[in-house]
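A short write-up of the structure that comes next.
As written, the chain order gives the labels A, B, C, D and E, with residue 1 at the start of each chain.
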Amino acid sequence: QDEVTLQLKWVTQAQFAGYYVAQEQGFYEEEGLDVTIKPGGPDIAPVQVLMGGGADVMVDWMPSALAAREQGAPVVNIAQPFKSSGMMLTCLKETGIESPDDFAGNTLGVWFFGNEYPFLSWMSTLGIPTEGGEDGVEVLKQGFNVDPLLQKQAACISVMTYNEYWQIIDAGISEDDLVTFKYEDQGVATLEDGLYVLEENLADDAFKDKMVRFVRASMKGWKWAEENPEEAAMIVLDNDETGAQTEEHQVRMMGEIAKLTAGSDGALDVADYDRTVATLMAGGSDPVITKEPEGAYTLEITDAALQ
Amino acid sequence: MGTWDVTTPVIEAKDLDLTFQTNDGPVHALKGVDLGIEKGDFVSFIGPSGCGKTTFLRVIAGLEHATGGTVTVNGMTPDEARRNRAYGYVFQAAGLYPWRTIAGNIRLPLEIMGIPKSEHADRVRRVLELVDLAGFEKKFPWQLSGGMQQRASIARALAFDADILLMDEPFGALDEIVRDHLNEQLLELWASTQKTIAFVTHSIPEAVYLSTKIVVMSPRPGRITDVIESPLPKERPLDIRDTPEFLEVAHRVREGLREGHSYD
Amino acid sequence: MGTWDVTTPVIEAKDLDLTFQTNDGPVHALKGVDLGIEKGDFVSFIGPSGCGKTTFLRVIAGLEHATGGTVTVNGMTPDEARRNRAYGYVFQAAGLYPWRTIAGNIRLPLEIMGIPKSEHADRVRRVLELVDLAGFEKKFPWQLSGGMQQRASIARALAFDADILLMDEPFGALDEIVRDHLNEQLLELWASTQKTIAFVTHSIPEAVYLSTKIVVMSPRPGRITDVIESPLPKERPLDIRDTPEFLEVAHRVREGLREGHSYD
Amino acid sequence: MKTILPILTVVAAIVAIWYAAAIPMNAQWAKDQAARADTTLTTGELVLDTWSQERPRLPAPHQVLSELWDSTGDMALNGRAFSKRSLILHAWYTLSATLLGFAIGTGLGILLAVGIVHSKAMDMGVMPWAIASQTIPILAIAPMIIVVLNSMGISGIIPKAIISAYLSFFPVVVGMVKGLRSPAMMDLDLMRTYSASRSQTFWKLRLPASMPYLFASLKVGIAAALVGTIVGELPTGAIRGLGARMLSGSYYGQTIQIWSALFAAAILAALLVGIIGIIQRRSLKRMGMAA
Amino acid sequence: MSWGWLIFALVFWAAAYALNVRLANSSASGTRAVGLAVPIIFGITILVVWEGLVRGLNVPLVILPAPSAIYAKFVTSVPTLWEDFVQTFIKGAMTGYIIGCGAAFITAVLIDRSKFLQAGLLPVGNFIAALPIVGTAPILVMWFGFDWESKAAVVVVMVFFPMLVNTVEGLAATTAMQRDLMSTYHASYLQTLTKLRLPAAMPFIFNGLKISTTLALIGAIVAEFFGSPIKGMGFRISTEVGKLGLDMVWAEIAVAAIAGSAFYGAVALIEKGVTFWHPSQRG
């Protein structure tokens, strides 16, 4: 059996259900793989783990992966299980914000740690400065949760369709009290959870073969999870060592995740890639990436896997 | 055993007991101590090491509490007397505060007792001269010899004018000449101010030379074995120490002391 | 100034100077001190408080370093002698370690010098008896009176048999009787063991009674003003103190001391 | 009894203040919710609401306690003391790394202090850098430490313990350097007259004299070690231990869960500090230092 | 792997070590120059060995940048570093340090007077000390907002206990005779406090103050991980880690180390002046 270590972008939750399902359902084993899944967290940069040799493959968002590539960390996308973006900006209706034109003068909560790129691209597309002031927006580095909105420290905060949004709802604020902007709808969506490896490893045929089998099994896991959301959520719960996740939340998250993975067979859609790159490079004076990346993805693995 | 008269004493102990509890059993430091000290008395305590002299002084000062019997100071309990700042105390060890200079240490009681700032410098100078330490104002305690530290601590007790002085071997670390000198100074001070002084010493001549009353104590448990009223006049030149009266008293003290010891 | 003969001395000081630097200027503690101490000598140092006696003893012990001149101990530098554990030292203050019992404090040098464990109990018992503290083995220092602590520290210095004893006012806090007793004990010990003893005291009779040589010092800067070879025999009953020879020597010491003082 | 009564009094006072504080802290939310639902609250309803919100800014004491009980005692009674949901299990993960880290940290701290007191080169050379090391934000380099250790094949409890040791060694160094230098001149002179070796001076004078300082530093050190372990639990994937519980509580906005994990950590620390206090009292008594 | 760099690093280390030992044991070791030279040589050694290892082992930039790269980043980012420094150190850490140490000191003095409060509050103090920053920071950020106020609050909670323990211990650090002297004067509580117990407590109090300097800085930086405006040392570090800008991360760490050491040094200097009489300062 070949050993593979997967570094997740975040803690164990239904966002990564496909991999846990593949593990528990024995899909990896069928492909002759012994897979170790490492949960991530707020303090873990998956690229760093990859570079340090702590993992063979990672789950990351394309903006941060491309930025890392430009920084000299040669990571390559080998598969893209997530077709659409789940990123949103949600605002309290009582602040009077109705459209992006109303952002100016307000405080917006944003995730950093590599997750700020989509937001920054969007703002520069809108031509809104992020340094505060009358026509600009005040940016807060948002913590792990939705408190800034509940405590009214920010007018809008970043949320994912599958997670934070529901926390606001659960907290007792109804959907009617919120105004929500999906990145997809604003035309600034960037690709989220993809699988990345180090470029130099792709020169090794044995490694490539391992990845082919890994991607094949993982996609099988994803499709199984889409079809059996409740069981998938339970598998995720079983793998959560913190014992802090709740069934209700994970089942719902799985339902939302399924909407994002739907329409992907694992292969990267080059049109999506081009759109992401264009968005990232559109950043006016301070674009996320400055030049067109080369060799940032390969279709070889998925081509082989999906035969 | 004490012999005393009818006027109310400044310090009066009646059937005093004191027992320390230690990790290996109780130590009886004082037992059945009766004593009266009149105003203007100069009382010396003499007795073998460990007999309870320090303990007795501490009880008078209200620093230690008797486990039996009573003590009064000016008719009050020792604690009340302490609260009235009735006395100055010179400890057996110098106990200067290391973060204060010599002058600073002497100023300490003045500051605490609220004596006007304007007087401080003057008083410090006066008492330092008295103990022959002029010029050492700015030194820190650890820069002084043992005897000098002891003298500084005497100066500290003299700096405020308490009516009662409790002195625990104040001149123990001093040579004969300085000691003679300070003995004279102390007598002078006592004669001119009518202070009441309780004085612990190990030197028989010193006890006889200074005192109006000599209290001889015996060891564990500390008891008073003899109280000698001095027949010497109030005026005492140093050479009084060669008179037969002096030598007789000294002899009686020595005999009293000797009884308290097991050997010889 | 010192008078000495031709055999090489155990302790020899030549033109010794020592100056302390303090926050307000230098203090000259010793100046031009010359002295030789023969093997088997019992030398007393006497002088006014603050004249440099402790400092001189510390220089001999290698605890303080002369700023001029030389000292040798057994022909070595004081530091080398110290490394050879040539002497026992009794400090002016007791300096017992508070976390050790009295017995534990006395065992300390034995442990350090690697004296076999089996001997410890015996030695501790012997020296505690010598200073009349039998029965206090298990007490902690703060449970003892001042004089008892001082005696415990003497016992500690006697527990290992050093050839040289440096004693800084060891009997300062003791009453006359205990002092007489310990004086006798010390003389006995000295006579039977041929130790060399340097002894600081403030008591003129004590100095004369004990010593073969009395060194009189004058204050700041400390100098030797007189070195007196005792004419007394080696056998010294306590009543030798009433003989004319004794009184004569005592007189000479007193005169030498008096010169060092400004008053009277 | 004598020790319990004051603690109970203080705790009672704190609980009272706490309940009182919960009202203004959580009132805004209660009012907003009422406004959104188009109702108004009587004062009584408002107070009750502030003490029973699901995501309060400040949970009421009984909310924290019941959550704490549900995730410890109650689970233990049901035989699930060591299930993943049980705080007991997570406290155990944290405790084991803390103890290892504390052992490494104090060991290292004492060694360094001994070196600093004995070697001038170390005193001058190491101390400034030991200080500088503590000004490096541990949470910033923890992930790098973990990545590096990972690539050397070390994982599990060790990386956490190293971070915990990193935080706990410093108070021990500072306290012990002071303590080992606390003997008075005369005490040291006595040792010199015996021509005691450095090690003898150390064992028979410096170390016993430093005891009060040692215990003070150990108490701070063990608290620091616990904090270090919990910090170290984040970049290790935050999957186990009280730190992981706090983080996931924070991530899902479960204020009550954070508070109960916080309390579990504090109780653990109080126990550890208490144990050191007992050892302190015992050994100082044996050394005749207890008054 | 390039052996040249590795061997260079090794040789440099050995030479510097030998030099330091010679300097420290030389007759000039008491001088200020040597007192400065020894740690500087030690530090340079670390940097050179670091550079050598990174170059010799070809460590990727995203794992550990070489000191030369950090320095290059440092000099080009001074304005950003300064802005972050003001936000985190001056506003967050210093405010929290002063409030926290002050509060702990006052608490210690207050409970020192009452054995009852002492018995009750000290165990509770233990409790507060053990509140890990990971748990307190999100709560305090929720309560005090994103800006530096919440960072100062985190620092207050962090420094409180070490300061409290040390002050309480220090206030008890008088000898029986020193206290007896005060009794004979019938000194008031306040007089005993100001003239005896506080001076005697100073060595302990400074112990607490010194430990707290480093805690304050760590606290302020780490708290920014849990929400902050888009400036500050902690914000920059976490953001740059995510961007793999490790050179900037280390430039911030360098600022933290320099500021923290200077802070500590300043407190140690004051300590030297205040506790000159303590054997640890004299010996």
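Just so it is clear, contacts are C-beta pairs under 8 Å (C-beta built on N, C-alpha and C of every residue); 3 or more make two chains touch, one makes a residue touch a chain.
Composition by chain, UniProt nomenclature: B, C = ABC transporter ATP-binding protein; D, E = ABC transporter permease.
Being a predicted model, the structure only gives us computed values, none of them experimental.
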Distance-maximising chain from chain C - centres being C-alpha averages: A
Chain pair with the higher count of C-beta pairs in contact (A-D, C-D): A-D
CA centroid of chain D (ABC transporter permease) to CA centroid of chain E (ABC transporter permease), Å: 17
Chain A and chain C, separation of their C-alpha mean positions in angstrom: 84
Whole-Å gap between the CA centroids of chain C and chain E (ABC transporter permease): 49
Multi-chain contact residues (two or more partners), chain A: 42-43, 45, 48, 52, 143-145, 147, 151
Chain C, residues touching no fewer than two other chains: 93, 140, 142
Residue numbers of chain D (ABC transporter permease) (touch at least two other chains): 57, 139, 143-144, 147-148, 184-185, 234, 247, 250, 288
Those chain pairs that satisfy the touch definition: A-D, A-E, B-C, B-E, C-D, D-E
Touching residues on chain C, where the partner in the complex is chain B: 20, 22-24, 27, 46-50, 53-55, 92-93, 132, 138-140, 143-148, 151, 169, 172-181, 202-204, 254, 257-258, 260-264
Chain A partner contacts - residues on chain D (ABC transporter permease) that touch it in the complex: 29, 33, 36, 54-55, 57, 83-86, 89-90, 139, 142-144, 147-148, 150-151, 234-235, 237-240, 244-245, 247-254, 257
Chain A residues within the chain E (ABC transporter permease) interface of the complex: 42-43, 45, 47-48, 51-52, 64, 67-68, 71-73, 112-116, 130, 138-145, 147-148, 151, 153
Parts of chain D (ABC transporter permease) lying in touch with chain C, wherever the complex brings them together: 184, 186-187, 189-197, 200, 204-205, 208-209, 211, 287-289
Chain E (ABC transporter permease) to chain D (ABC transporter permease) touching residues, read off their complex: 20-21, 23-25, 29, 34-35, 38-39, 41-43, 46, 63-64, 116-121, 123-124, 126-136, 138-139, 142-143, 161-162, 165-166, 169, 173, 176, 203-204, 207, 210-211, 214, 217-218, 221-222, 225-226, 233-234, 237-238, 241, 249, 252-253, 256-257, 259-261, 263-265, 279-280, 282-283
